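Comments concern the structure below.
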Amino acid sequence: MTAALALLFDFGLAALVLIVATWTLMTRETAAAAVGFVAYGLLLTLVWVRLAAPDVALTEAAIGSGVTGTLLLGAAARLRSTEAAAEAEQPGRAMRFVVALLCASVSAGIAGAILMLPDPAPTLAPQAMAALPSTGLGNAVTAVLLSYRAIDTLLETVVLVLALLGVWSLAPDRVWGGHPGPLISSNQERVLTFLAQLLPPFGILVAIHLFWIGADAPGGKFQAATILAAMWILAQRAGLVDAPPVSRRWLRLVVVAGPAVFLAVGFFGSATAGAFLAYPEGYAKPLIIAIEAALLPSLAAALALLVAGPPARTESR
Amino acid sequence: MTLALDILTVVAVSAGAFFFLAGTVGLLRFPDSLSRLHALTKADNLGLGLIVLGLLPRAGGVLGALKLIAVWAIAQFASAAVTQLLARAARTAEPPA
Amino acid sequence: MISSFEGTTASGFLLVLAIVAPFIGVLMSLALGGRAAERIALLLMPVGLGIALTIASGVWRSSAALLYVLGGWKPPLGVVLRADGLSAVMLVTTAILIGAAGLFARAEFQVPRGAPERRAPLMFWTLLLAVWGALNLVFLSSDLFNFYVALELLTFAAVPLVCLSGRAETLAAGLRYMLFALLGSVFYLLGVALLYGAYGVLDVGLLSSRIQPEPVVWVALSLMTAGLLAKTALFPLHLWLPPAHAGAPAAASAVLSALVVKGSFFLIVRLWFDVMPGRMPEAAAQLLGALGAAAILFGSVVALRQTRLKLLIAYSTVAQIGYLFFVFPLVIGSDVAHAWNGAAWTGGWMQLLSHAFAKAAMFLAAGLIAEAAGHDRTAELGGIGRALPISVIAFGLGGLSLMGVPPSGGFVAKWLLLTAAIEAGQWWWAIVMLAGGLLAGSYVFRVLGQLWRDVDEPLVLRTKVSPRREAIALALALCAVLLGFVSLEPAALLQIGRTHALEFVLR
Amino acid sequence: MAEFLLCAAVFIVATVAVGLLRLLRGPANTDRMMAAQLLGTSGIAALLLLAAATGESAPVDIAVALALLAAFSSVAFVTSASR
Amino acid sequence: MNGAALFGVIAAALVGLGLYGLIVHPQPLRKILSFNVLGSGVFLIFGVVARRGAGAGMGGDPVPQALVITGIVVAFSATALAVALLLRLFEETGRASLRSDLSGAGEKAGGNS
């Protein structure tokens, strides 16, 4: 009974995902497509729960749908005037048919490959579980991210820093060092101000909660950082706070601190535990938590600043 | 006692589900954006509220219950504000005929 | 399975340093800002070169790959870094070219003492370091997902370099580059997902011992190869390259054309020679060769029609990349017992190296010419040969190597590939190579003719060009030529670390 | 009891599936955003029911995050549209 | 058909859909959006692979799950950089098109994208 219900749920969910994705890609108006993408992200969150991947579900809810959706919604609104001109550039019907055929065959090939995957599936779950006690953690995903494959995570934080540098590098020279985003006056919308005052305390609590349980339960720094970033963006949008100028030393130190601490712990490991990014026996958990604590503000700042965009003005509020 | 709590769960969750249904029907059937928004608010407030109420006895501990209440509270405040914002956006999108 | 890893070798820690040092530079540059970025970059360049040379000599002396087990976790759970002969050669080349680009760029991206921080210099130096770190990761990692992270690092560092000037056409070029690169890496990642699903490992060594020729593998490898081809800009996926490479600052163009496109090519080689050694289907090898041939012919013909110097050089990159892909039909198609010592293998790598030096030299020379003349329209550059002889000679020497004129690195490369093609009985590639050489000759000499042309009124230079910068371009061009004099004995370095792969080929 | 809760979750997601017609039909993007908002709320409800049915706590945390971010998305929609 | 296989097929379809959008849509923003759908399909394949590898008391293999988390963050960074590029292009030219970007570059051939 329960299994049948679950399968029913899965089928319904899968159909919804497919319908919303198709509509999002095919609809005429880009702003509508961006709204569709937000809905699509919400549905994917449910899919990740069904795939027994709660850590990913949290990340998808926070980043995939939440912050990416914001980015796309904002860009679609800015670019509305260019929609009509782009329409004319669409390839002809025959061309689209050929492309559709090509994409369908790619899909078919991938689907075939997935269905042909061996059974029982090869897995690292037992090894990840067996090694878990030595990390002192209870969440195997966190152990993968910060111990077994810590190099990926370290470099990924560098990716975020590089993306931020890339976005900043797009600033016109005359406003270099200035504030990102447009100037927003405070008290423009009373409701918005109210929301931006009310939600962040909740957000900070939730972020701390997610961060804290991340060592042993689904959650962790990425998810917590995204929620913090979202709260900061909210306050910026409401005009409560201004995005800081990118030349501020403290801002740069916050962005850099996380990866820097990560690297430092890595080198500490090569001195004390025999390998770069290894943790000395018994000190794994505190060191991992130290890394995560340093990463949390760095990631939050980087994510929020990525959404805010390149420096655009020198005048502050 | 457990039976009473179970009954509470069943009743509240069913009522909550009903309000979700009502909200959805309203969202689909109502003629203009503002009345649709009204329907949405019903689902948001009452639907989620009743489900949270129904699940409270099964939350398993104070922290669990607190989390449930937090979900409801956040959704509540957010939806109140968002509804106003969306209403304003809807009014500017389609001015009254 | 784990026991098949011997663990970290002596001086393995250098592999970590080679990757991490540039990124430490990036973080410090951002934190300190202002003039610090340039100093940090210039300070790291000799350090990085030293690390690369030490790794190379370590590989050479021990005749075995260097290994470093990160975090003490051996595969399949953990990630190892591995430096074989190929990695060593690429590390050293990269360190030299990054250093040259850095020295060259000092004049352009210097911040005067006490001046406020400026955007372009800060970004140039940090991104140059980031490109370096990302390339070193590509060369040293031996984990499929870690490769993906490396590819993304490379994209995020390279795209902003393209748009550094902020002009509208470079923004469009950068956006197009970005979209191609993203599509490429997502396809690569798709293949990784399928391979992990089939074998449950990501490490190259473990995977190569488990992988079987079965449908899932073919789907995965073709998706990954297609994605990497888009990043390598192999015809017909080359559309993004010319505007991007032509629009970047000269020093950045040099790095992008000489090194960045080679990063994804390097991964294609890793896939087909390390993950799946000697098992590329004949048809796929011929297809890659055919695309390479098309790239040579198409790129060269379009280069011939260019009216701007930097675009011409960029299209010539499209053509020269084509030669690299002859490695697949020639190595896989030839007698397997000779495959690894085969002329094609050495020729392919020789082509990669000589093109890297020649192309860097040409972009730097073109940058100086454009700086001095204020534009790079070849028709209006008459007389520049008299004003900037060294730059034009550097350009010409690089061109000779592209054509394959003896005695240059390009000649040796093309000669080896040519003989391999004939020995393998695949004479059609030889015809394409000869035609490509002739076409390269036409576009190089056409431009040289325009640059040396005598004009009645002498060309007025906008700025003075420092002889030191001309010397850097010339030195790189000479390197490309001198590669032709190097005995091929060190080519054995390219074989080091291939032994476990060799067993598969010989079986 | 678990089955009842699961049934309720399935029911709510099914109603949302119908509600998503509003996303497809529009006409204004505000209507579409309302549909997304309703989807968010029902997703939260479904997650809470799922958590109660299975006894896991993770879905509740996801629901909390969703509640915060659903509001955030709507604000992003309104502020970007009004700019 | 179990849940993992079902979502595997859906993931393959999402990849195809995203690829189609990426090729066909002329507007860069739609291409970026399509890239995100394509990416989510790829991540779902990892999710399916992870689910199939459930064992040792875990609902899924934690390694691919961790890879997806890294992937989602990278995809977001890519989206942010691409959107910033696009908006700057729009500010500079008033257009948001990849077409005719070579008009000022004096190029005749090869611009047949």
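Order of writing sets the labels: A, B, C, D and E. Residues in every chain begin at 1.
As a working rule, contacts are C-beta pairs under 8 Å (C-beta built on N, C-alpha and C of every residue); 3 or more make two chains touch, one makes a residue touch a chain.
Computed from a prediction, not measured in an experiment: that's the story for all the values here.
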Graph separation of subunit B and subunit C (steps between touching chains): 2
Lowest number of touching-chain links that must be crossed from subunit B to subunit D: 1
Chain pair with the greatest number of C-beta contact pairs: A-E
Inter-centroid spacing, subunit D versus subunit C (mean Cα positions, whole Å): 48
Whole-Å gap separating subunit A and subunit C, where each centre is the average of the chain's CA atoms: 31
Interchain centroid distance [CA atoms averaged], subunit D/subunit E, Å: 24
Two or more partner chains touched - positions in subunit D: 16, 29, 33, 35, 57, 61, 64, 68, 70-71, 75, 77-78, 81
Sequence positions of subunit B contacting 2 or more other chains: 70, 74, 78, 81-82, 85, 88
Subunit E residues counted as touching two or more neighbouring chains: 15, 32, 45, 48-49, 52-53, 61, 63, 67, 70, 74, 77-78, 81, 85-86, 88
Chain pairs that touch, as defined at the top of this document: A-B, A-C, A-D, A-E, B-D, C-E
Interfacial residue positions of subunit A with respect to subunit B in the complex: 189, 191-192, 194-195, 198-199, 202, 205-206
Subunit B to subunit A touching residues, read off their complex: 70, 73-74, 77-78, 81-82, 84-85, 88
Of all residues in subunit A, those that touch subunit C in their complex: 109-110, 112-114, 116-118, 121-124, 127-128, 131, 147-152, 155-156, 158-159, 161-163, 165-166, 168-173, 176-177, 247, 249, 252-253, 255-256, 259-260, 263, 266, 269-270, 273-279
Contacting residues of subunit C [partner subunit A, same complex]: 8, 13, 16, 20, 23-24, 26-28, 30-31, 33, 68-73, 76-79, 116-120, 123, 126-127, 130, 133, 137, 145-146, 149-150, 152-153, 156-157, 159-160, 163-164, 166, 171, 190, 194, 197-201, 214-216, 219-220, 223
Residues of subunit E touching subunit A in the complex: 2-21, 23-27, 29-30, 32-34, 36-37, 40, 43-45, 47-63, 65-70, 72-81, 83-88, 90, 95-97, 99
